[in-house]
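Just so it is clear, A, B, C and D label the chains in written order, and each chain counts residues from 1 on its own.
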Amino acid sequence: MRHHRASLGLHPLAPVHDQHAQDGQQDLFWSRVRTTLREPFAEFWGVIIMILFGNGSVAQVLLSTGQAQGAPGGNGFGIWALGVMLGIYVAGDSGAYLNPAITFSNCLYRQLPWRRFPTYFIAQLLGGMVGSLIVYANYISAIDHYEGGHGIRTVPPATQATAGIFATYPQPFVTKASQFFSEFIASTILMFVIFALKDEANMGLAKSAHFFPLMLFFLIFGIGACFGWETGYAINFVRDFSPRLISYGLGYGKEVWSAGGYYFWVSKKSPSGIPMVAPWLGCMFGGFLYDVFIYTGKSPINSPYMGLSHLFHPRQEIRRKIEAEKELHMV
Amino acid sequence: MRHHRASLGLHPLAPVHDQHAQDGQQDLFWSRVRTTLREPFAEFWGVIIMILFGNGSVAQVLLSTGQAQGAPGGNGFGIWALGVMLGIYVAGDSGAYLNPAITFSNCLYRQLPWRRFPTYFIAQLLGGMVGSLIVYANYISAIDHYEGGHGIRTVPPATQATAGIFATYPQPFVTKASQFFSEFIASTILMFVIFALKDEANMGLAKSAHFFPLMLFFLIFGIGACFGWETGYAINFVRDFSPRLISYGLGYGKEVWSAGGYYFWVSKKSPSGIPMVAPWLGCMFGGFLYDVFIYTGKSPINSPYMGLSHLFHPRQEIRRKIEAEKELHMV
Amino acid sequence: MRHHRASLGLHPLAPVHDQHAQDGQQDLFWSRVRTTLREPFAEFWGVIIMILFGNGSVAQVLLSTGQAQGAPGGNGFGIWALGVMLGIYVAGDSGAYLNPAITFSNCLYRQLPWRRFPTYFIAQLLGGMVGSLIVYANYISAIDHYEGGHGIRTVPPATQATAGIFATYPQPFVTKASQFFSEFIASTILMFVIFALKDEANMGLAKSAHFFPLMLFFLIFGIGACFGWETGYAINFVRDFSPRLISYGLGYGKEVWSAGGYYFWVSKKSPSGIPMVAPWLGCMFGGFLYDVFIYTGKSPINSPYMGLSHLFHPRQEIRRKIEAEKELHMV
Amino acid sequence: MRHHRASLGLHPLAPVHDQHAQDGQQDLFWSRVRTTLREPFAEFWGVIIMILFGNGSVAQVLLSTGQAQGAPGGNGFGIWALGVMLGIYVAGDSGAYLNPAITFSNCLYRQLPWRRFPTYFIAQLLGGMVGSLIVYANYISAIDHYEGGHGIRTVPPATQATAGIFATYPQPFVTKASQFFSEFIASTILMFVIFALKDEANMGLAKSAHFFPLMLFFLIFGIGACFGWETGYAINFVRDFSPRLISYGLGYGKEVWSAGGYYFWVSKKSPSGIPMVAPWLGCMFGGFLYDVFIYTGKSPINSPYMGLSHLFHPRQEIRRKIEAEKELHMV
């Protein structure tokens, strides 16, 4: 099992509660599978929960537009935040990143081994797909009703478009540069505040890990309320790409990639690719700002030449890192 | 007293605070009754509080429709969630299930003895009835005013129908299959996330039992906001059946059972029975998913053949269980 | 100082933080006054904060009716709840009752000495007056603007009435019996849930005193959202009477007492007096229900004949009580 | 480094987590800069976060006015509160004042050395400027679209004015006296409740520093909902002045200073200067009230002649203070 976990880039020892680990159930085949895939399962289900609430609430608000009694459940923006919060509780054992750009920043600034990134990323991507499929399955007859016929599926700016349930589409009059800036700054804030919330050395006011999920609720809600209107605030590759892919597969047509002047895709006509690129850069920049101005712990920023010396001696650096990790029994 | 409690399927020793138990009041007749019925009383009052807030808020929003100043209190969806949260605080001593499908899943996956189920179930059913009766008593004159005359009581889709205060009625254009799926998936999420919140081995982020009621608030609110529109999200047999029965008794007519194409009832014409069946199946499935993919503790899923071997040796299994419970002084 | 405190019915020793008590500042005249009046000051300021937020939010919503941009701050119902929560934080040293009916129930069921009641009550009454005066001072020019002229002050159902900023006025079509029931049941729920939240023996889920103020927020919000529309939910004598008296003094006319068919006052024509009477009875009943069905600690309900035997030997009972309190140094 | 910190009025020893302080990174130039400027950086970034959410939400709500789908994110009032809460988490190491009037009151009543005030003030001012610049950069194309052309920038009461994104502008019909009173009372409540929340000797209900940021959310939200409509509730000099200055620099014209009858500025025509003056006086008064009526700890109010004796022997007092601070190694 250690071998399988190591080959997935995971820590050889799975994070299993001591008492449970001694119950002898590890002899069962499936228990071993679950222990081996502990962190990917956690990310997978955490993202599913996030997408179920996020896409589900957009679906409900959109599909009930114009009804006399409206849909139960407010305007749906806070529900993305709620989904993230509950997803964090579900994905407790993996770090609960739920966003590959945040995993990425943790590799870059917080010593999360890079070799874990691919496994986490794939788990997150699959979670986004499964979550949006369930939402589609749930609302299929209501989508038929709203779009005006069985199997009709359209993309904004079509008047009865329902593709917005799955992925983000920008406001038409906002320039590409503003769209990019909006995604970038939203992702920057996201990473900056998460690092602040996770920084136990940022004292002054006692922090409590118990409050982290609740504060993420407020943070995501606030980002949506302040920087969410221009682009629909993806700020997360798997939140946008996975449901977009699913919506493509479900028959919404090629417009899911090209709508909004190739908002998503990097095309020759208009090389934007905003929700695909901006979250990574924003999260990197947000982590950079926090570490430059506030963080006092271990970080490349707090090492000579801000860690960039590693770029000139990559092999040496990698060897050094692996040795350090071996000492910590991380390999 | 031990005998009476055992005959109700309860643990012989009631969960009474040590200091209180030594105060000598147990000589009083009523104190002994209260101690004997500790858990059923807790569930009974917890469900009453839940229904008071849930049905009460729907009543207030509906009955004030079209008024210039509207009703104080938002749109009433979050209030179901609020009622569940406060009900959990009230029903602390029984486990605060407030939902027979959740009690059921705890019997199935978390070693809650099956013999407790009937007592809990009856207490929950009665709580749902008493709660909805109080709401009716409170709004009787406003219902008369809204329905357009003393004693007029109608069921959706009648224009001034007030039966929706009590039980759930589906959107007319949603297919039966979609209605069932909506209830099923909502119940699945409910159970899945509750098991995540209760799983102390799901570490990563420190969990706190103090946050459980607050998180249930967000969970129920979120489920309503994402999967509540198509059917009104019963996700709880006693939340739907008990008030529906009361509304039948109060003169809303047989339509409370047949409305929405026999949405509630299992009839020959259209065997749906959605809010009667789907919550149980959904909660079972949600618990199953959590235990398969994440839970590492004691569960049938974590035993050989996922515990199904018991099906082939039921007697032997029951004997074994009772002996184990005797050792733990649970009988 | 002990003497002065005892003559006010307070515990001879004021609840002052140990470290502070040794700072020697108790030689100053005002410090001694503050220590002597510790609990009344706490209740006084707690009620002021509650009324500032409660009446202030109603004022803001009402006075901005019909404006293009509306008033910042939602619909104002939740703000009463918010005011209660912050008032509890302010009034930490007195028990933070903020409501004489709750003080009353604590005397009745929780051994709070009766002799404290008058001092608390007066402090609460004065707090309600000062709080509503500040709100009036803040909105005087906006009230002039809304009512249509300097010094015009009217009471519902006048179309531009602003008396509703201060006290509650019922829906016109609701019968007196329903109004009474609404206030009664809302107060019952209030007391029942507060006793549940304060009952440390109601285990099951770990309770935390840290969550008490937040849960009161949800509780008051929920009561407003479920049982607040018919009468405006006073559920608190000083929340209704004190601002009503102030509004009378400010020139709203005798209608503040007689509006809504003598809703407030006990007149010969229509003896209702609903917000004056129902909160006391409701809180008494809510405490009674909690103690009968759930509470296992010391309470008259948990003594022979439910404590009613005291009614037949009052002198003997009072002597016994005072002796017990002397032993606990409470006199 | 100690010298540099002392010359900025800061405590010679920066608040750095013990473990981090021993990591040897203090040899790096930038790490030393960051440690030297620890508190100003904290206030700077805390205010940026507050302004990003606050101004950002107003921008989003305003700029999406009249759109069919509206802007994601409610009405924007609660988001100021959310920004304050997250800013507090970011600025943990400086005390998280985020408001110079609160820093001022802490100098006056809570022994924060006066010499820290200028550094904190400048950091807060700059944070307000940077934050509002980022919001402008994010919404520049949407502002062009809303104002009706590239580079058009107008101030209320112009119909398509967007200056309200940055600073506060009062309701036109409210008198100057009422505007002043509204700002004053809002700031009084702010300081009074903050001192209550921070007063560990205000017992009764257990307080938890963990809840402080969440309660500030409710407090700021409540103040906006109750006393925010007449003036837009600045209650914070840097929240109003810094973005106003930025909006002036961005071409909104002199009206940003003169609008609303010289609401902001102290001019000869109409010497109001409300958001510039009222927050300081209000916070001073709120702190005064709390210390007079409730606070039992060290405060000028709890010293002879309420600390005013110092006014008559200023030199002697300053010498005494510095000596005391030297003993505590604060200089």
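Brief remarks follow.
Quick note on the criterion: contacts are C-beta pairs under 8 Å (C-beta built on N, C-alpha and C of every residue); 3 or more make two chains touch, one makes a residue touch a chain.
Small disclaimer: the values here were computed from a predicted structure and weren't measured.
Shared numbers divided by all numbers used gives the overlap of an interface; between chain B and chain C this overlap falls below half, so the copies present different residues.
Centroid distances from chain D, each centroid being the mean of CA atoms, peak for B.
Chain A and chain C have centres, each the mean of its CA atoms, that are 46 Å apart. Centroids built from CA atoms put chain D at 33 Å from chain A. Across the assembly, chain C contributes 76, 210, 214 as residues in contact with two or more other chains. Interchain contacts (touch definition given at top) occur between A-B, A-D, B-C, C-D. Chain A makes touch with chain D in their complex at residues 75-78, 171, 173-175, 177-178, 181-182, 185, 189, 192-193, 196-197, 200-208, 210-211, 214-215, 218-219, 221-222, 224-230, 232-233, 292-294, 296-298, 301-304, 306. Note for the complex: chain A touches chain B at residues 15-17, 19-21, 23, 25, 28, 30-31, 34-35, 41-42, 44-45, 49, 52-53, 56-57, 59-60, 63-64, 70-74, 76, 79, 82-83, 85-86, 88-96, 134, 137-142, 145, 209-210, 212-214, 217.
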